[in-house]
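Structures are listed in the sections that come next.
In the two assemblies presented below, subunit A is common to both, partnered first by subunit B and then by subunit C.
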Partner chain A sequence: MNIVETRNLKKFFESKKGTVKAVNDVSINVIKGETLGVVGESGCGKTTLGRTILKLIEPSSGKIIFEGKDITNLNEKQIRPLRKKMNIVFQDPVASLNPQMTVYDHLSRPLEIHNMISSEEEKIKRIIDILNTMGLKAEHMIRYPHELSGGQKQRVCIARALCLEPEFLLLDEPTSALDVSVQSKILKLLERAKSKFKVSYMFISHNINLVRSISDRIAVMYLGRLVEVGDTKKVFRDPKHPYTKALFASVPQPDPDKKVKIALEGDVPSPVDPPIGCAFAPRCKDKVGKICDDKMPELEERYDRRVACHLYD
Partner chain B sequence: MEEDQSYFGTEDIDIEQEIQDLKKKKTSQMELVWLRFKRNKLALIGTAILFLLIFVAIFAPILAPYDPLETNVARRREDPSRDHWLGTDQLGRDLLSRLMYGARIALFIGLIIVGVSGGIGVTLGLLAGTIGGWVDEVIMRVVDAFMSFPVLIFGIAFAVSFGGGLYPVIMAVGLITWTQFARVTRGDVLAIKQEQYIEGARAIGESRFSIITRYFLPNVLPSIIVVATIQMPSAILYSAALNFLGVGVEPPTPSWGEMVNAGSRFMQFRPNMVTVTGLAIVVTVLAFNFMGDGLRDALDPVRRGGR
Partner chain C sequence: MVEGLKLGEPLMVIEDLKIDFLTEEGTVKALDSINLTVRKGEIHGLIGETGCGKSVTSLTTLGLLDDNARIQGGHIYYREKDLLKMKEKKLRRHIRGNEISMIFQNPVSSLNPVYTAGEQVRESVVLYQDKNKKRARQIVLDELDRVKLPDPEDVYEKYPHELSGGMKQRVMIAMMLACNSNLLIADEPTTALDVSIQAQFIKVLKVLQEKNDLTILYITHDMAVVSEICDRVTVMYAGQIVETADVHDLFKDPKHPYTRGLIHSVPGVKTAIEDFETIPGTVPRLINPPSGCRFHPRCEYAKKKCSKVKPTLEGVPGKNDKHVVSCHFWEEVE
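Up next is the complex of A and B:
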């Protein structure tokens, strides 16, 4: 069963240079209880996709379905009750906290808004509880964001997202601003929440190794489109799309004798003026022929996954 | 199992104990502001001067050596002496006493004007910034229009058409000086709008109203305080200027503007009246500026541009 699903979702931005097609015709689903990893280069539309799914920005067209309900056209007020069930952790913890609110304020607001608590005492107990689980102490409640370290701030952000016990959590590179030891702690906590409460994650990252270790399925994005979606193990064992292959090949290996291969050459084409055919065609090493430049490959079921490439026509 | 009822529910917490501990550790918000504020020496001096001024204004009837309205034709335009520390004016009234009573009017006028203009300006600025679109356009064009009015001309016209006196002047200056509040508030709101914590607030389901009051307002407050402390002295100056030109506080009520006006007529041979009153205005204005500077730095926990 899907917790979240998008159908032909598009998000275009108008800019001076033209229309930026940040998310272009993306149909993706997150199954209840799973972790879906979304990878791709910077600027490929991962973050925009995430924000559009949560309706933090309005989609240009397409549909967003949450728990079987079409939420595409809900306005800000109508969607408010649903905010309890879905939440987001941003990449930059420094920017995600209100500098004029204490940690206590940050954690008590969601509880107040969604009437999760009946008494002041219960609220404080709950907040202390959450802070302890996140490796923070009760005394951090009275701290302002600027009095916390980066790792502590991100833990507050995750605590804020988890304190509503959501069904779906969008993690937009939540650990990229943290050091490795804090990273692993946070990933463990996320794992625990997942196994206990069947919370589903959409994990956006450009850290391929990280995504590999925590995702059940993986979706690869290129220039606003999905190019490959499938089971993490299978995709890693045998990537089908030339872009996926190149992306995985460029991950540094923990072996000093192995040289890092430069698998990707050239630049990502402009999202304002994407190629008519396959978006990856100008950089692709396995082009089958003219069709790659002329016709956009559809994301189709191939083997055990979905791939958008003419190689498998 | 109890454990399965929440994500967390790790261990039992002695809530009473925790709260007790917190109370011990917590330095209250005001204490923190004060700790930061007192590092700024100029701000402390400014605040001290203002307290002195307020003290004098409140206790003018006790402190003043003479009745500020009592004339003495025999002792007009005197230089400072033992009887009259700052001298006397053209009607033989004691200057020091008039200066003390004048502080009442000056502070009162400053406060009310800043209250009126701040209320209008901040509200309109918040609306313009958060709603945007045509609302923003309309409000900002109104601001432009108001800014192009010369304050004194508008003040005179407004005050005269409402019968002169103190309150029409206050209203006139308040109604025309709100633009700075509106512009600064809107500018800050537009910058804060781009911050991720606003998106974060929407993500947890905050209503539009809460976002304005809990996220925008506290973050524009430091700038508003700065504007207020700049506007306060200029409000005092404007009302003094209007006084000088003959609208506002009616004689013989002592007001600084009227005193400068009267003193300027015999400035060449008896400069004490103009100088002393002018100095009082300058010192008050500076004291407000210093205090405002310190307050802004102390109130802003991030201390943008603070020392």
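Up next is the complex of A and C:
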């Protein structure tokens, strides 16, 4: 069963230079209980996709379906009850916390807004419980953000997102601002919270090794479009799309015997004026022929996954 | 070029360097007697987490520390001259650019937005190579070509905002190359770049190292990048050096408990999250750092001695002092 699904979702931005096609015709689903990893280089549209799904930005066209219900056209007031079911954790924990509010304030506010508690005792109990789940203690309740380390701040942000017991949590580069030793701790806590609260994750990151570890399925984006979606293990074992192959080959591994290959020459083209055919065609080493420049390949079922490439026509 | 210095001979030697920063909250003991040798022709990685002192180390070598920094002791010998004893004027004339140059993490803030890329590289050429305008232009074009920028003529005329992040970073290297320096200090040069651009950038550095015998001190927090590019690696923790080794020895046979923890918490070493190791606790604040070994409060092997006596770097037997570790009990670490 899908917790979230998009159908032909588009988000275009108008800029001085023209229309930026940030998310272009994306159909993706997050299955209940899974972690879907979304990877791609900067500017590929992964963050815009996530925020459009949560309706933090309005889609240009297409559909967003949450728990089987079309939420595309809901207004701010109509969507509010759904906000406790879907939540987000941002990359920068410093910018996500109010410096004048204690940890207690940060966690009690959402509980009050959504009428999740009947008494002050219940509220405190719940806050302590969620803090413990995130490896923090009751004494942290009275701390202000500046009294916490970077990792602790991010744990408060995750606790705030989880305290409403959401069905779906969007994690947008949640560990990119943190040191590795702290990162591994956060990842473990996220895994623990996932089984405790039975929440589904969409994990957006540019760190491919990380997404490999945390996600059940992986979606690869390039220039606003999905190029490959499939089971994480299978996609890593045998990437099908030439971009996926090239991207994975460029990732350094923490092993001096494994060296990266330069598989991608040049830069990502501008999303203002993307190629007419396959967006990756100008950089692709496996081009089939003219069709790649002329016709946009559809994301179709191939082998055990979905791939958008003429190579498999 | 460094005359008379063979590959593998010490180019820069940092000895017992101690630096404090005076802040409103107190004295930050940023570097606690660090020792580091960078050898001719190697890419030497300096790795550690936020606040471990890796950037302070690099800024000190070029005399770029803020006014509140106090050098409390030690030496930085560059080809046997102590940089810490050199006057600002001499540093500027003989060291910065000529001998040691630096590239920073953020190419956007390192380039001047009102000059074209070519003009900025030409400034280095005119200062360090050739004052003739026409010839200088040709040298700039050659340098832009050397860092694999497509269409150097075109890039020459472009302003920084017209270039992508990867291209800007390559203009930075071209600028550095134009100085003809012997030692490049690269401070997190790829952190702002995408993996594909990072791979291209690493390739450019590798080629320069091989063709020009360029020596590079590569500062980063990324273990995967270190294993990719470096020949030797020094690991820092909270202002102390914990271990230096060849990259293979460091990854296959780390001796210090911190190095071990660091390597095993990097995604990619272990694939499953449950196998990731974590280091308990957090990095200490350096206003009041732990006594003795600064890692001891977080170390599972710590004993009484660790909080009392600061360990010194000692050689691992059979490695000819190429693998040194600063831990009282490294032989017990498994």
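To be clear about the criterion, the second predicted complex is superposed on the first by the 309 of 313 C-alpha atoms of A that agree within 3 Å, B and C clash if a C-alpha of one lies under 4 Å from a C-alpha of the other, contacts with A are read in each partner's own complex, and residues count from 1 in each chain.
Operating definition for what follows: a residue touches a chain if its C-beta (ideal position, glycine included) is under 8 Å from a C-beta of that chain, and two chains touch if they have at least 3 such contacts.
Source: prediction; values computed, not measured.
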Superposition on subunit A - do subunit B and subunit C clash or fit: fit
Touched partner set for A:R80, first subunit B, second subunit C, both or neither: first
Touched partner set for A:D294, first subunit B, second subunit C, both or neither: neither
Which of subunit B and subunit C A:D255 touches, first, second, both or neither: second
Touched partner set for A:D304, first subunit B, second subunit C, both or neither: neither
Superposition-derived angle with apex at the Cα centre of subunit A and sides reaching subunit B and subunit C, degrees in steps of 10: 80
First, second, both or neither for A:G266, with subunit B first and subunit C second: second
Partner chain(s) touched by A:D70 [first = subunit B, second = subunit C, both, neither]: neither
Superposed arrangement (fit on chain A Cα atoms) - minimum subunit B/subunit C Cα distance in Å: 10
On subunit A, positions contacted by subunit B and by subunit C: none
Subunit C-touching residues of subunit A, taken from the complex the two chains share: 41-42, 149-152, 179-185, 187-188, 191, 206-210, 212-214, 246-247, 250-268
Residues of subunit A that touch subunit B when the two form their complex: 51, 54, 56, 76-77, 80-81, 83-84, 87-88, 90, 92, 95-101, 109-110, 113-114, 121, 124-126, 128-130, 132-133, 138-139, 141-142, 144, 146, 157, 160, 162-165, 193, 196-197
Contacting residues of subunit B [partner subunit A, same complex]: 4, 6-11, 13, 15, 18-19, 21-22, 25-26, 195-197, 199-208, 210, 214-215, 218-219, 221, 301-302
Complex contact set, residues of subunit C against subunit A: 49-50, 150, 164, 166-167, 194-200, 202-203, 221-228, 247-248, 251-252, 261-263, 265-274, 276-279, 282-283
